[in-house]
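Next, two complexes with chain A in common: one pairs it with chain B, the other with chain C.
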Partner chain A sequence: MRFWRAIAVALTATVPALLAGEIPPEARRSGYSFMGPDTRAMQDDDTSNPGMLFVLDGEALWGKKTGRAQNSCADCHGDARGSMKGVAARYPAFDKALGRPVTLDQRINLCRSNHQQATPLPYESRDLLALSAFVAHQSRGVPITAGDDPQVRPFVDQGRDLFMQREGQLNLACSNCHDDNFDKRLAGAPITQGQPTGYPLYRLEWQTLGSLERRLRSCMTGVRAQAYDYGSPELVALELYLMSRARGLPMETPAVRP
Partner chain B sequence: MAALINVPAKAKRGEIIEIRTLTSHIMETGFRHTAAGALVPRDIITSFTCRYNGTEIFRADLFPAIAANPYLSFFTVAKDSGKFEFEWIGDNGYSSTASVSILVE
Partner chain C sequence: MRFGPLASHEHGALPPPPAGEGWGEGVSAIKNPQEERALTRAFGATSPASGRGKRGSRLDFSSHNRLTVAALVAASLALAGVAKAESLAPYTIIGDGIPASLTGSPGDAVRGRALVLARTTTCILCHSGPFPETPFQGDLAPDLTGAGNRWTASQLRLRLVDASRFNPQTIMPSYYRHDGLVRVGRNFAGEPILSAVEIEDIVAYLATLRD
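So, the complex of A and B:
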């Protein structure tokens, strides 16, 4: 043990870019591989995956005219099966006008306010989750490439720092569980690598679909830290880092998790 | 509300087929309270029925302990080509229907 720690310390001292504990690309695993056979079966069958109910709702919203402009998503983007394929695998992505990365939820709301002249949908509202599930579902099977854009590099780094940063009354960093102790158990539940491959996903505990931000916030509450607000730059940076950390893993939206 | 139904499109006469249904519903138990202490009123599906060419072949009563987006699976014998009709009825006048055709040969 001390021997390995010495090697890790030596490595971090000599090669600061190669952080000890970070999961090498070939060892990256979706949360799917940590689940039992029943939950896997539920995700695999589109008629038993409750996330698909939201995808259906999203499909209806995609074609619905809304806002003062009376535009539907389909009026600009056409058939989502073609136009939205692979899009979610690149998000959060850099927005030139804002000069910072935006999440898929934020992109949908930017579209609503700029092009549909409609009011933004609240975070975690059924309509926003449905739309983002429908859009992300078009990328099912597409390998994640978020974070490849050089413009988002500083934000990926910010997210990584936050991931490694201890916080809360329990004084734990994300990496303490999800880099260093995955495959072990916390109470009865398996600790996963925290790869965000299937968001928005249907969590059986929530009994509904939820965003990655909701998941991050509940982890923060779990370590008794003050959770960042929805849409805050910190949560976007964390989301971006997590997506870049899952580089190459296929999208699963809508995933099912316990 | 959205519903997902899985019935085989084709079946042989006399074959036993599985029907799987999943529907959108919050299934609020009526036992929970808000942060302010107010009771969240019950809002659940109370009854589900399936008719095969007009004849009721399956019925279920649902209760507060059933999870959101209830999933029901059951079996029947494929007799004739036609239609399965599904109906979910619940609190606050909730009603939702769906139907699926089957070809029996």
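So, the complex of A and C:
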């Protein structure tokens, strides 16, 4: 009797339970660990990391008065070095008014429309990438905790289902590559665990900074699936699942990837 | 160069993607340039996850040693409600293979080799093989060297048409079916990955891989 109760306690204690094939916490690795020494060096040295140019742009935008309200991010939030530290590590986060999680990009645009009375910045626009890179950079080194809030649990589960869902003409799920086959090579290139630790990040192939949503959309396009729209509930759920799957890994923004 | 459109894509404005990196743009985006376009949502909610590695309801291979195409087409229409299934050439599965050519004539092994190496065909995303000229090969799947010793043309044809009949959990795509799939990109919907002619060319090539 006591034996069974002990087992029941042990089972409920390991929340969230891992499905077969999911990567155990101690085996989770950033894409950084799959890169060659040159790309690592580029990320590590702020003077050679091209993402830092966006961070600097973002810093300027942080202090710039804008919108009909003619106020800046700094007018409300002060010095980002203190007020924004750790924020990106818990995004996407639950928004009470909307009743659903929002991404950092969406939060920035909510601030623009609600507090600055400015128009939203388009996804992947230089200004939005710069602002989110600047904010997320304040969390560099902070362990990821997104998904811990019980209010987002159903959205994490939705994201996990999408991650395991086979899709597209090639009929592959995210998990087929990033859970089951990381460390192998797809057409000669290493497959990583698909960890979201470094976004927005500078991808050498893109020759620019890009968001996590851009990355997810290209993986979907790769399996010849119809990519979800930027900001769609499905992409937000996937992003949230990926962040919760990366729990404890340090943020790297702005990372560099090949 | 042999592959006009492919070669021009690979030497277009942007440098070719370093093998497989950002493969979404580099590989399949050739026919699916949606990455950079804002799309209106043409699809409703995704269908619920069918579970890890599972696809929709499948016909059980072992219990259908002989399956006519009429039955296959009817079944796929009933299961998935997919239109355009009739665009596939009819074929008959006997035992663990498809003995007859999908086109009625033998394929061309030289064209088949070129197809296997073309990134748009997707084979060497996962497979390696006796292709010393290309450094960009995958290792998610067995090396194709000697495939012609291990499998008959009939088995190779069924493997390409629908590999899930050999292993229901396989990650190898079914190259000649288009039912039971989720959220297929709009430029690919209702089409098999390869045409009957392409399948026959590849089968002819694989059959020559003997060591």
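By definition in this document, the second predicted complex is superposed on the first by the 240 of 258 C-alpha atoms of A that agree within 3 Å, B and C clash if a C-alpha of one lies under 4 Å from a C-alpha of the other, contacts with A are read in each partner's own complex, and residues count from 1 in each chain.
Convention: contacts are C-beta pairs under 8 Å (C-beta built on N, C-alpha and C of every residue); 3 or more make two chains touch, one makes a residue touch a chain.
Note that the coordinates shown come from a computational prediction; the quantities given were computed from them, not determined experimentally.
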First (chain B), second (chain C), both or neither touched by A:L56: first
Touching partner for A:P250 - first (chain B), second (chain C), both, neither: neither
Which of chain B and chain C A:D46 touches, first, second, both or neither: first
First (chain B), second (chain C), both or neither touched by A:D229: second
Chain B versus chain C as contact partner of A:T208, first or second or both or neither: first
First, second, both or neither for A:G86, with chain B first and chain C second: neither
Touching partner for A:P120 - first (chain B), second (chain C), both, neither: neither
Intersection of chain A interface sets (partners chain B, chain C): 204, 207
Parts of chain B lying in touch with chain A, wherever the complex brings them together: 1-6, 20, 22-24, 26-27, 67-69, 71
Residues of chain C that touch chain A when the two form their complex: 14, 17-29, 32, 34-35, 38-43, 46-55, 119, 122, 124-126, 135-140, 171, 173-174, 178, 181-186, 188, 191, 193
Sites on chain A touched by chain B in the complex: 45-48, 50, 52-54, 56-57, 204, 207-208
Residues of chain A defined as touching chain C within the complex: 19-21, 161-162, 164-173, 175-176, 180-181, 184-189, 191, 203-207, 214, 217-230, 232, 234, 257-258
